[in-house]
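Note sheet for the following structure.
Chain nomenclature is as follows: A, B, C and D, assigned in order of appearance, with residue numbering initiated at 1 for each chain independently.
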Amino acid sequence: MSAKIIKNLDEIPTEIIETDLLIIGGGNAGCFAAYEAKTQNPSLRVTIMEKAHISRSGALAAGMDAINTYLREDKGETPEKLVKWSRAQMGGGPIREDLALSNAEILNETVDLLEEWGLPIVRDEGGQYKLRGRYDISIQGEQLKPIMAEKAMEAGAQVLNRVAATNLLIEGERCIGAMGFGVRDGKFYVIRAKATIVSTGGACGIYKSPVTDYSGSHHQTWMCPFNVGTGYAMGIRAGAEMTSLEQRWVAVRTKDFCGPVDTIAVGYGCLMINGKGERIMEERYAHVGGEKAPRFFRLNAPMNEWLEGRGPTYVDTRVLDPEEAKDLRTDLLNERPTFVLFLASLGIDITKEPVEIYGSDPYIVGGHTGSGYWVGIDRMTTVPGLFAAGEAAGGSPNKFVGGCGSEGRLATRGALGYLKKVSLPPADSAQVEQEKKRVFAPFLRGPEFDGINPVEMEERLQRLMDEYAGGVHQFYRMNEERLVQALKHIRKLQDQAELLYAGELHDLMSAHEVIDRLNVAEVLVHHLLFRKETRWPGWQTRMDYPEVDPKLDCFVESVRDPKTGEVKVFTRPYEQLIPGDRTKG
Amino acid sequence: MVLAEDPIPKVFSCVQCGRCSSGCPVAFESVHTPRKVIRFLQMGLLEEAGKSPFLWLCAMCQACTVRCPRRVEVAEIMLGLRRWGIERKWVRKDLWYYMVFKEMIEKRGKISELRLGLVAALHKIPLHPIEDAILFFKLWRRGKI
Amino acid sequence: MIPKVIPKVGIFIYDAGGRLSRAIDLAEVVQRLAKAKNVTRREVFNNLEAPDPISSIQEDLRAGRLNRILWVGRFPDARRRRIEGELTAAGLNPYLQEWCDLEEQGIGRGDFDRAVQAQKAIILIQMALARTRLLAPLMPLEIPAVDAALIIGGGVTGLHTAASLADLGKKVFLIEKESGVGGKVAALRRLYPLICDPHCGLEFALQKLEKSGRVEIHTLTRVKTLAGSPGNFSVRVEKQPRYVDEQKCIACGECITACPKEIQAGNTFPLAGDFSNRGQQVWNPNGLEKAIHQARPLAYPSTYVIERQHCPPECRECQKACPTRAVELEQTASELEFKAGAVLIATGWDPYPLTRVEEYGYGVYPNVVTNLEMEHISEEPPDLQEVGFIQCAGSRDERYLNYCSSVCCSITLKQVLHLKEKRPGVRCYIFYQDIRTSGFDEELYQRVKSLDQVIFIRGDPATVKPEENGRLRVRAEDTFSGKELDLHLDLLVLAGGMVPSEGSRELAHLLKLPQNSYGFFEAHLPCHPEESQRTGIRAGGACRGPMNVVHSIESGHRAAFDVLPFLSGTVRLEPTYPVLNLTKCDKCKRCMEECPYASFYFDGNGFPVPDLAKCRQCGNCVGSCPLFAVSLGHFTVQQVASQIQAIKSGFLGKEEPVVLAFLCKNDAYPAAKGAAESGLPIPPNVFFIKVPCAGSINNAFIADALGFGIDGVLIAGCQDDQCHYVKGNQLVKTRKENLAEKLQKMVIEPQRVRFESLEIRDSRRYVDLVTSYIAELKKMGPNPFKT
Amino acid sequence: MPPKVDREKCDGCKVEKEPLCEQVCPGDLMTLGEDKKAYCRMARDCWDCMSCVKICPKGAMETRIPYQIGYHGAKLIPLMGTNTITWTLIDINGKVERFHYINRGSLD
């Protein structure tokens, strides 16, 4: 298909599939959602729409070395405590404590399920899961994703691999499925479903990565670069309400190579030090809790050191003995194998030399921060029939692997409750035709078209976001005027998206990925503009409003009008369910 | 040519069907047929083979090689055996002329008829001076010398 | 999803006559197994005949205290079968029992330290235990099947085989491409050694199958497609029109008289090349016949056939003449479908086209003829003085046919005898390389030898030259006397060879049946002639290779015998067939490619599915899968992996190498077993796992072994081309090579993986092999993954 | 960082519908070239998750660190077992290190 050039829309076959529950995105949350659905009701038709191949798709493609949230009851951990901790990590929030609680309650179940499925989890002498940190447990998760995928398939979910979702099917107010195209077979897919769960992961590649200057390593990112926020974008285009996008996640990564630092620092107690050899957290952040400081402080710390002339910054791996160093790298092989290769390619012995660290580009990831869809306790978004789980669902941060999986199951439960009540309305062919036209437009323009190649636009967007909307090269700092400027450019790009062309189906996918990124970026900037304060330095550093504004102790929400395309930003109040000092975990 | 060093290995696939001989235009002038020569080789009677007069009758027409059901390269072997014979001085007397001829070419790259004549003459012991003189005269009359 | 059953394993160690306790401390072994997971009972007993333990085990089984049994030790086969029976009676699936013979692994062999032997024994038991935990109950499969056979080819083989199958009460569909049955044999005039008429044998077969009424004969018919699987093939055939209604035609001959069109008689006997007509004119005075004529080669069915291409336009004479309205000039080709449990191929042979052997001038000189033509000439020979026969004309000749057709010598002798009967005065020259009259055919040879004026000349002519008087000049060397002969012959007969009949290649392609380099249908191995590579499809007769009539018929029957299991109404399958884990399968089709029996097909979603009836359960698919998603019923990937994981590679200390051997159950395993039985010292460093075929070893197993620090992996399979499953050993070798290259990259000695061919009685060699390998590994140093 | 394909070893999975690396790549980056050998269609887009390296049945894939960020010669070679994985790590000074652990099933 990709070989021959299609000139005419009618040449493209349309595949219409009817199902009960559609799951967009077969990652962690998606697989769990499917499994839950089929176990609750085996007769249910469950369809997973997966852009890649389910066995190695999404953020877990390379594997995982730890499940960051597990409650050791024997250590007196409770869902409440986890939520408190999570709230404190967010500098006191606001977070959706109702969501976080419901999630925390089934967290252990989910993890135990994973072990039963064949995920090796390290146990300590007591036969309990071995902790490394307060909630982290070590796993040997090289096969984590394949295991999840197999279970979802065994359960009997229909998997559409290599089908990229492009838009939701909307019937009046309600979502009745989604549309997309086959990245391999080039067909146009219309999947009609009583209920739809969006679990497409977060948004990566909105900003320029600090490592992109090197050829062949544009995707040196922390988040999976193939998660481009399609889930958010589809919701935004459909007029769904988004929350807290301004909570941009930035991670501390090893320099030059986006390797994980938490594993090293949290898991193995190698502290962050600066060029002068001072322990950064103790020196600069004692007032907010030192090593225990809220996450955004930690994540922003290294970049601040650079900014204030105390770079370079390191994690001090010299405290490790060779045995630990080996264990450490074994863990890394599970999560980011090439980081181990990277160390080898520097030829350094980490027990003798510390590993350099640096900030990453900002991401929108609802599994880590609170950004994403605004959902009810049943995980239904503001669009009836559309549910969100994992990184896609906002409000409850620090979900990570276990939490996202659990939320997949919760979303399914919500969806099952919903789809009992509804039936499928007849298809609206006008909407389908219009979308088909939109989807294949870049492809029909063909490779010879005098227009814009998706990669060009992607890089343009990433640079402008980096410079105007507080990217890593600007040390995450921003101000009103720059954000307005960013918005101006994004609008221009959105106009010029008409000029995107694609020679192959893969390029067509890239084209839609960049279009999706534009939607997310636009709304994101609106959020950043609205929060005229600096509540989470690093994630959201307003040079023009450096202080916390108590009036903004609330959720910032946005809705984009599907007709006019103009974005309305408003707030929702924060409800504290778990009493006590919000900043104490 | 490989065979020159060792003509033997290739001959064992021969099944003695005799097609080489029956197809051979000259075999019947000879006491040996090509089949027999090959047989000698199979039996390790190298000298018999090497001395066989057939070798020098063979016209290299390849009829045998073409007809052989076992792909034995009969003609090639005959050629090889000739060289053998020469190396091992099995070559029969009346071949001296070719030798002289060969040596001359090797030495000078050309033939001097006079010298060839003389050497030839010397080979004939006892000498026949009168006949030679007459022959010489005739040749000179016709401008051959 | 299937409910999870918690395994409850009972380990029973049979210390036959204290043999085990002499070698190892059983008490310690049992005590070491105390902590083993999922084990509810562990006992040592030394009297098999005492009611215990069997009865108590039966109780435990019934009470659900046990659901898997691991027998350790050496059991007499008969006793073993009885135990299986007794426990099956107690409700235990036979596949939930595991047998772990410590002695065949070398326990109690050679004078090795008791403690070391005990440790090895424990590891062996733990390996078996790990496997036992993962055992699953299996049920044999029964597939309903058709009790009809399809026979392709109505020659002497096809007819006789059909008749015999009909006798057995099987329905037979027999299809023949010619207009009548009989094949080549019908074209012969005499059969040796009796010099009798072959038609009587054919007639006999025909009457037999007439009587049975269970044989459907379809002439002018060829196979178009074959679908389905053994026991349930469905075959589509195409039937060419004969323009005469077989039901109505009474073969009265009116039409023939009426027919205005005379044509050259076709192959009443087969002729090579384009000279058939000439052959007719010269040797067959009435070489003409009508466009409508009898079926041939044998006028059975006894109805006529019209060669439409010869009919004059608009001519309907035959139709007018026919008293029974049998002529139907509007007939067209039709398609039929048969359901058959098995397919027999008896497509026979064709004469080698002697026109290719240019030096003998066949087709150029009218009086150079083939031995088949001679069949008829010798029947009514013209006036002849000197006749030459050239044996191996084009045969045993690298330029043409490299094999011996095995019948030509006898045929020539037969023809000489026959000719001399009719024309005693004829002088015959027989040019030959060797006269091959094996068995009783020797008698023929002696009879001919006793005749005078028959000269055997050991030596073949090279060329044939014509003479003015129409005779042939042939020169040959009599290799005995070395004398040159110069002969003048009236007739030269070329004894040409046999080649697979026309259309064999197409058929082979259609049935996916392998052919040998000469195009004859392949038998599997000398030791397994019964195994064609396509289950339920067998070739018999001359399409398997040159053979005479007797052997053809026998071969046909043999073939029929081998496919009988698929003609019995049900196909029974052992439950150890391959199972694919579709959640892992990536549709890469490697299993499909590497299956020696082409038993995989695609399901609706493009997943490969094994056709269980075709499958021989060799497990080559298990080895082929890069995602190890294929397992055999009683040989699952997880079972093997668990066994490997149970091996403690360090149990002899880091320096002392440990070898894991994968032994093919056909040859290598018996060799190892034999080694133990003949008391050879088997070093404690080696553990073996029995596999269905070397080809069933997945590289992942080797990776596991190396990962767990095992120093060397020995793969023992059959000799090349001797693999019971055709090519398992080649497959595993190529996989191993591929892995070796990777190991090199990983800075691991590729010698740590080794393939060896073992023959079934190579016991001594097995021991030497293992011992030397261990020494070699010791030099190499420990596997870097060993801890 | 693109996986390097050993063109000698790669058999394009015998040019089946899709080679395994193409099937598994989360970024839809691996594909077959004219010569029926796999290649990475866009080097810059690879996340070096090594899924392709792990799945390649011919061991024809290798992940390399671009020279711009790491020195030449380091290698990381995974070998997949049924429930285990081993890694061989070779650094630029030729120092070899081994890692082996269970990636499926329980650890006791």
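One rule holds for everything that comes next: a contact is a pair of C-beta atoms (placed from the backbone, for glycine too) under 8 Å apart; a residue touches a chain by one contact, two chains touch by 3 or more.
Because the structure is a prediction, the values reported are computed rather than measured.
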{"item": "By mean Cα position, the chain sitting nearest the middle", "value": "D"}
{"item": "Separation of mean Cα positions, chain D and chain C [Å, integer]", "value": "41"}
{"item": "Centre-of-Cα separation between chain D and chain A, whole angstrom", "value": "25"}
{"item": "Length of the line joining the C-alpha centres of chain A and chain B, rounded to whole Å", "value": "92"}
{"item": "Distance between chain centroids, defined by C-alpha means - chain A, chain C (Å)", "value": "59"}
{"item": "Contacts with 2+ other chains: residues of chain B", "value": "none"}
{"item": "For chain A, residues contacting two or more additional chains", "value": "55"}
{"item": "Junction residues of chain D, two or more chains touched", "value": "23-24, 75, 85, 90"}
{"item": "Set of all touching chain pairs, with the criterion as stated earlier", "value": "A-C, A-D, B-C, C-D"}
{"item": "Partner chain D, residues of chain C touching it in the complex", "value": "586-590, 593, 606, 626-628, 637-638, 640-641, 645, 698-701, 703-704, 706-708, 738-739, 741-742, 745-748, 784-785"}
{"item": "In the complex, chain A residues that touch chain D", "value": "51-53, 55-58, 61-62, 115, 118-123, 140-143, 147, 161-162, 183-184, 211, 214-221, 224-226, 256-257, 326, 329-330, 333, 337-338, 340-347, 506, 509"}
{"item": "Contact footprint of chain C on chain D as seen in their complex", "value": "9, 13-14, 16-17, 19-20, 23-24, 55, 57-59, 75, 77, 79-86, 88, 90, 96, 98, 100"}
{"item": "Chain B - residues contacting chain C, complex", "value": "15-24, 27-28, 33, 35-36, 63, 67, 69-71"}
{"item": "Residue ranges of chain C in contact with chain B within the complex", "value": "359, 392, 396-399, 433, 458-463, 475-479, 482, 484"}
